[in-house]
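Before anything else, here is the set of structures, which you'll find just below.
Here chain A shows up in two complexes: once beside chain B, once beside chain C.
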Partner chain A sequence: MFGFLARRLPSVVFMLLATSVIAFLLPRLAGGDPAQTIAGADATAEQVAAIRVELGLDQPVYAQYGRWLGDLLVGDLGTSLITSRPVGQLIMARLGSTLELAIAATVLMVVLGIGLGILAGSIRKGAGRAGLDGAVSVLLATPPHVTGLILILVLGITFNLLPISGEVSVLRDPLVGISLLIMPALALALPQAAMIARLIQARMYQVRQEEFVDLAIAKGVPPRRIVLSHILRNSMGTAVVATGIRVGELLAGAVVIEAIFARNGLGLMAVDAVSSRDYQVVQIVVLGAVVIAVLVHLLSEILLAALDPRIRLQ
Partner chain B sequence: MAANLLEVRNLGTTFRFGQAEVQALHEVSFEARTGRVLGIVGESGSGKSLTARAIMRMLPETASVSNGEVLFESGNLLDLPEARMRSIRGSKIAMVFQDPQAALNPVKTVGWQIEEALVVHGMNKSRARARAIELLGQVGIPEPDKRIDDFPHQFSGGMRQRVVIAIAIANSAKLIIADEPTTALDVTIQAQVLRLLVDLKSRLDIGVILITHDMGVVAEICDDIVVMYGGRVVERGAVAGVFAAPQHPYTRNLLRSMPRIEGVRTARLPTIPGSTPDLSRLPSGCAFHPRCQFAEDICLREVPVLLPMAGSPEREAACHVARQNAGLPPDPDPTPSSEPLAGVRTSGSAPAILEIEDLSVTFPGGGGWLRREKPIVAVDGVSLSLRPGETLGLVGESGCGKTSLSRTIVGLNRPSSGYIRVAGEDVTDFGAEAAAHVRRTVQYVFQDPYASLNPRLSIRQILSEALEQRGLPGRQREAAARALMDMVGLDAAYLDRYPKAFSGGQRQRIGIARALAVEPRVLICDEPVSALDVSIQAQVINILADLRDRLGLGILFIAHDLSVVRHLSDRVAVMYLGRIVEIGPASDVYEHPLHPYTAVLLSSTPKPVPDPSAMQRKLVLGGDMPSPRNPPSGCRFRTRCPIGPLADPSRRICIEKDPLLVGPGEHKSACHFPDEAAGLAVQSKA
Partner chain C sequence: MVERSGGRLRLNRRQVLSGGIALAGGLAVLGGASYGQGAPQPGGTLRLAQGADAQPKNILAGRAGNNTWRHQVFDALTVLDSETGQPRPVLATEWESSEDGRTFVVRIRNDARFHTGRPLTAEDVVFTLEQVMVPENASQMAPLVRAYTSIEATGTHEVTITSDTPVAPRVFDVFQLAVILDMDTFSGLADGSQVVGTGPFKWVDWVPGASLRLERNDDYWAPDQVLLDGVEISIITDSTAMANAMRGRVDMVLAMTPRDAIMFRGNPGVELIEGPGAQIFPLGLNVTAPPFDKRELRQAIGYAIDRQRIIDQVFNGVGNASCLWWRSNEPGTTEEMVTHYHYDPERARELIAAAGAEGAQVDLTVIGLAPVPAIYEIVQNNLREVGLNPMGQVVETAAFDQGQTAGDLGPAFQQIHGLQGFSAATLVDALPALRDTNPSKFTPERYRELKDALQSAQGDAYAPALVELGQFMLDEAFSHILLHTPPLHAKVQQFQGFTFNNVGFLHLAGAHLNG
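After this line comes the complex of A and B, so read on.
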């Protein structure tokens, strides 16, 4: 596995470099001017120009890029153009909140997705099948923000079971922290879980047609064992690939959910940074998202190889 | 006579599609006995696999048994609760499936899979492991204690089928049902697996039901035979009797339409007209009547019952005609035009239309850019030539490079060295001009008639496209398309149909018509009949032979089935691991092979002539073909050769020196001991 990671290194480095260029150029191509934002609507052209010089925005783009990349390599994430605070600090302040939400949502997504998928793949007749298919379809069709609002209405307001907004770190007060986390995490996880469940169900139906399942039946293996040892094990690869892809979607959905549940996370910060043209923050957020995607991808490849002996890491 | 082990009585099975019900099996009855092999023979859609599944109670969800009983150990299997049936599956009746690639769970070790068969029937884990090792040894897997923890993909096809057989005999089952167990295997591996099955049968004293489409396999290892057609048993009895004097026209015609590997060749194979019926649309009365030369009125009206034949109570057939006449009437001569095949059309002096010289095809070995794997040499220094009106048969097992070679000739693969000349022009570089020249001159007929026709184009569109290639103006295309349909024996009224409306044999004819549209001078046929039912094969083979003679086509005929190649070919080339090991006139190669591999191939091919001792005399090769990535030094066949250094360690020459393709006259072989190879063939025949 170590060799596998070493061989992947060049392509990962290349991809990160390419992304850094895109992350750097995109906000600048979007129009708007951070100097104007800082100076305010009433500032004169000279004042704006002075601020530009101060921020180094008057220099050629490649020079700005070179400086940013050089700083990045020594661990300096830059300084926010708007708030003048180090980007690293800004991110660290909010990372905890988003990390809690992401981890909770991922756990829910995997558990619910795989659980529902196995159930839907095993029950192939009658009311159970119809009910499961219906539930999965509804979940699939409902976007996270709608799910979030419904959860607030039902669990938060009608039954008053869970607090509807705000956040407390789980590390500081686990009980309150978790009770605040349940609804946003569920809202984020449910549509993704439904997607994973659908894929696992389809794959299980497919594996059930394979001849080795017939051979297992001919061996006299009981149905439960057939599902667990033969069908499930051969369907998990799909689950891993699907989960890996869905993690990215989950992070994207976090922006909206943080707004609905009044959580002070990275998502909100990123949205603010984009609207105020705070290049420095946007760049780091985009780059960070790509790093996470690459890591998740590597992880799912390693998992796939562990699940299927025919796949060799190379 | 041994007691009945399993008795199937009046078994009927129906499929349910929504409201509609289709009866798929009708009144199927037969017995299997201990120590005997019962062959169930039929073509696709005959219901033979369905019968096996009904016995195992493993029918698809849409199917159910409508009537009848399956008696086993004095009880009816169809009445047992599912839990009881489960305790019989795998422990008393076991099953072997067709495709060993698909029949093993890819993510579990083979040991685990054998152990599972033991554990679910109550054996404890550690004893199961010991038994699994013992079983692997019993089915002939070398070093079983090391291989037990390997995964299925680390075994070759033949080895995997051995593992499946090990699972089947794990609990000392009394009956093994093998559903086409060798169909997916190469002929030398087929011989290994069949011999193993016969060995196990006598050693363990069990009964075997062998489901197959291959009359040759039946003749070689079965004691009794059940012939199925359209979901019914049409004939049954002892193999020797049925083969000597079949009492149902279908059985007789099926046997006749098989190309023979030895004996006299006739101009045309006798064919069975039409195609195998769909179980959901069976003809009235006797399902075979539309294809039967004896059909009378009664055959259209009444379903014939399976009854013992007069004079031989052990034989049963379901035929009105045979019943009325106390035996099937003799047939009008099946080969009216019995002029010899070779003759006028092959003019030895004509210049070759296709010449290949010292051709090699190499595939890169893969791997990343830090570590390169060795390249695979798929074709290694092959020279061939083909004259107009001549058929050159190219035989060899999967992986020998025959398909790579043929694809290279039409430019689908690139040669790494050597020359290809088509009609005198060097086309090795496949530049725009050369490629156009090849496309006008050489056409390809593919193996799978289902995959090689675009399902969204009508036959007219498919043919017009090809005619356009030839540059035929639009208004002449209609007439040309009709002429092409006529040439391959299809009704021109079918032109507006889509491929899905046709049977496999008809599709293959369309494939041939498409190839002929550009008026090529060479046809490359890559396994053109191996996906077809036996009764359909003969039709396609005859069409190819007719077209060759009428149009003076040169045909490069690639196949693994030596009988089919023998029937059609003037010359034959045998390939092994990328090299031609023997080449020469077909009759010389088949009658006096000068390479041990050819002798083994000939001996391994099942012949539809019952012979109880054939299995013992067979030359059965050990092991598998080595990887083309690392071919053995010297002679490439030496690692499996029955006369090479394995048999006689003093023969260092085979290891050290690569034999050249030389020989008396046109008949050449690449063997250091060609005379001994010839002796080998004689010995296995006697």
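After this line comes the complex of A and C, so read on.
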């Protein structure tokens, strides 16, 4: 395991360094200026110029990058150009909200995805299969923001079952916190769960055609055991890889869902930072997203190896 | 030599208000119309939702995110009444102007204290006005204050301003925006760690982009007017999600879109309010760029636009088709000026023919901020109807603002401006569409002369000066105002006693939740 991680390290470091350059340059290439955001739309050229000097934006780009990277290496994430608050503090203030949403959505995605996948892969004919195929297709084709709006209309406004706006930490008030989490987490999870279900279903059909399944049937192994021990186990690798990838996509979808349900998470913070050209925040968010993606990918590889003995971490 | 003077436009009459009268009067009329007059009872926390984040660093500049809390945490010397547009005292107790208007003396309350406990003095007023001039503070009033030759504390509670041109009435625009800051904690405004004023509520906690919490100031100089225990402001950037917060999460939503407001029409539990202050939507034309160097073509565009259609289709009927750059309660404003350009496609075609500009291409740069792109769709259609060839390019807000600051937005452009409620004399140098570095490149000597005449006018001379400048601007047609749209707010019935001033800033002194 340690050997596997050590071999991955150089490529990870290179990737993070390349990402830091891209994260630094990208917002600066987009036009606009944080000094202009602070000065406002009515600002004069003199006011914008004075704020540029105050923020250090009049320095050469390579000098700004060097200073940022140097600070980063000693653990200083920088200071927001717009709010003058430490970026680390801003992220920590929003992290809880995003974590709660991500965890709830991931749990729902895995449970619903695997459950639906097994069901769809086990039922091979009749109305049940048609119904499940239809449901999975609809969920797959409906983007999270549409699902979110439908949930708001049905569960929030028409039947008034769940609150539609706001957030309370689950740790502070579990009941209220969860009631505020259900709809956004469902909206985020359903399309991704459908994708996982479709992959498991297809893989189960494929495995069912393998010779060892025929052998098991010929030996008189009960159908339930064939499905659970032979077909499902050999199909789960796909689900694990897909889940790893889907977590990343799920977080991307969180931006829209946070906006619709008025949750103050990291996604919304990133969008605000982009539109206000808060370079320091954008840089850290992009870099952080890449670090998370790399970690999730590594975790998927380790899990895959644990599930399938034929795969070794080499 | 100081002579009796007084209100904003009638400077011949001295306006002196004793402390007691000022207290009662100031609070009763902070902003004019009061919303609801139910029996006030103390207690409760008011929950508000707004779309823009607070910007304590820019407290001296006009910012949408500061409108809800500016006058809760801070006090101004005076505020502009939403109905009359005239100044009303808050921290100021009296003011007087010299005969030539070049010396202005303001006296302030002697019983006001900052939230730190330190008494307010004239030095704080001087400090605040000096900060208005600092470019980094980005105040729209900086050019006005820079024109003063001196700002001095001539007593513990008296400040004297001198200038080469008359100080009043425009000084009341400065006072409206320049809420009085605590010089000891000024540096804390940058990151919101210390936001200290003399207002009825104290700044407690700010999570940037998410929420702001204020609590009652028990030591306020008018304690009877602080009825609420606190204020919680949620920042919700998505407009529909913000409107949805009215379904149980908050007591008031500020600055909703007309589209979102529809869902509350007919709802007995929710009251919709059109506030003072407004947004205006200029369509600017670069007078140095052919074919817009021809005045007839510029005027033709004014007649080609169907403003009522924009109001009906983009704003669901909320707005008014005024051609002016200032509020219609400005002295001197006439109905003819307000409706000078009205939808008349036939006349537009005649003017286009007179300019020899049939089929001319109109390259429009459009700010990518809702609802301007939607307005452009109608503008485009109107211009095609009169035989022009519009070609629009929607530009993201950050990049558009850069072009606006540089005064370079191309041959034609669609902007969005606020600051409505300040005097026309101030707006002609504060609005990017009108100031000397305007992107229309409209800088004839006559324009500056007329601006100077308006800015020097006092008392009865103000209205004719405004008429002359307004008619000149309308005739030159370098910037067409397409419409004014008031801010739309929604509130629960129980929330009453609050006021808005002339520029649309909220005042919660006297507000309560048990109406």
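We take it that the second predicted complex is superposed on the first by the 313 of 314 C-alpha atoms of A that agree within 3 Å, B and C clash if a C-alpha of one lies under 4 Å from a C-alpha of the other, contacts with A are read in each partner's own complex, and residues count from 1 in each chain.
Definition applied: a residue touches a chain if its C-beta (ideal position, glycine included) is under 8 Å from a C-beta of that chain, and two chains touch if they have at least 3 such contacts.
Just so we're clear, the structure is a prediction, and the values are computed from it rather than from any experiment.
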| item | value |
| --- | --- |
| Contacts of A:Gly134 with chain B and chain C, given as first, second, both or neither | neither |
| Partner chain(s) touched by A:Gly220 [first = chain B, second = chain C, both, neither] | first |
| First (chain B), second (chain C), both or neither touched by A:Ser229 | first |
| More chain A residues in contact [chain B versus chain C] | C |
| Chain B versus chain C as contact partner of A:Gly70, first or second or both or neither | neither |
| Contacts of A:Gly56 with chain B and chain C, given as first, second, both or neither | neither |
| Contacts of A:Pro143 with chain B and chain C, given as first, second, both or neither | neither |
| Chain B contact footprint on chain A (complex, rising order) | 7, 210-212, 214-222, 225, 229-230, 233-234, 307-310, 314 |
| In the complex with chain A, residue positions of chain C that touch it | 53, 57-58, 61-63, 134-136, 138, 140, 142, 190-192, 207-211, 234-238, 240-242, 244-245, 247-249, 396-399, 401-402, 404-406, 416-417, 419, 430-432, 435, 437 |
| Chain A to chain C touching residues, read off their complex | 30-33, 36-51, 54, 80, 82-85, 90, 93-94, 152, 156-157, 163-166, 259-262, 264, 268-269, 271-272, 275-277 |
| Of chain B, residues touching chain A in the complex | 56, 58, 86-91, 94-95, 97-99, 102-108, 116-117, 120-121, 151, 153, 164, 167, 367-368, 370 |
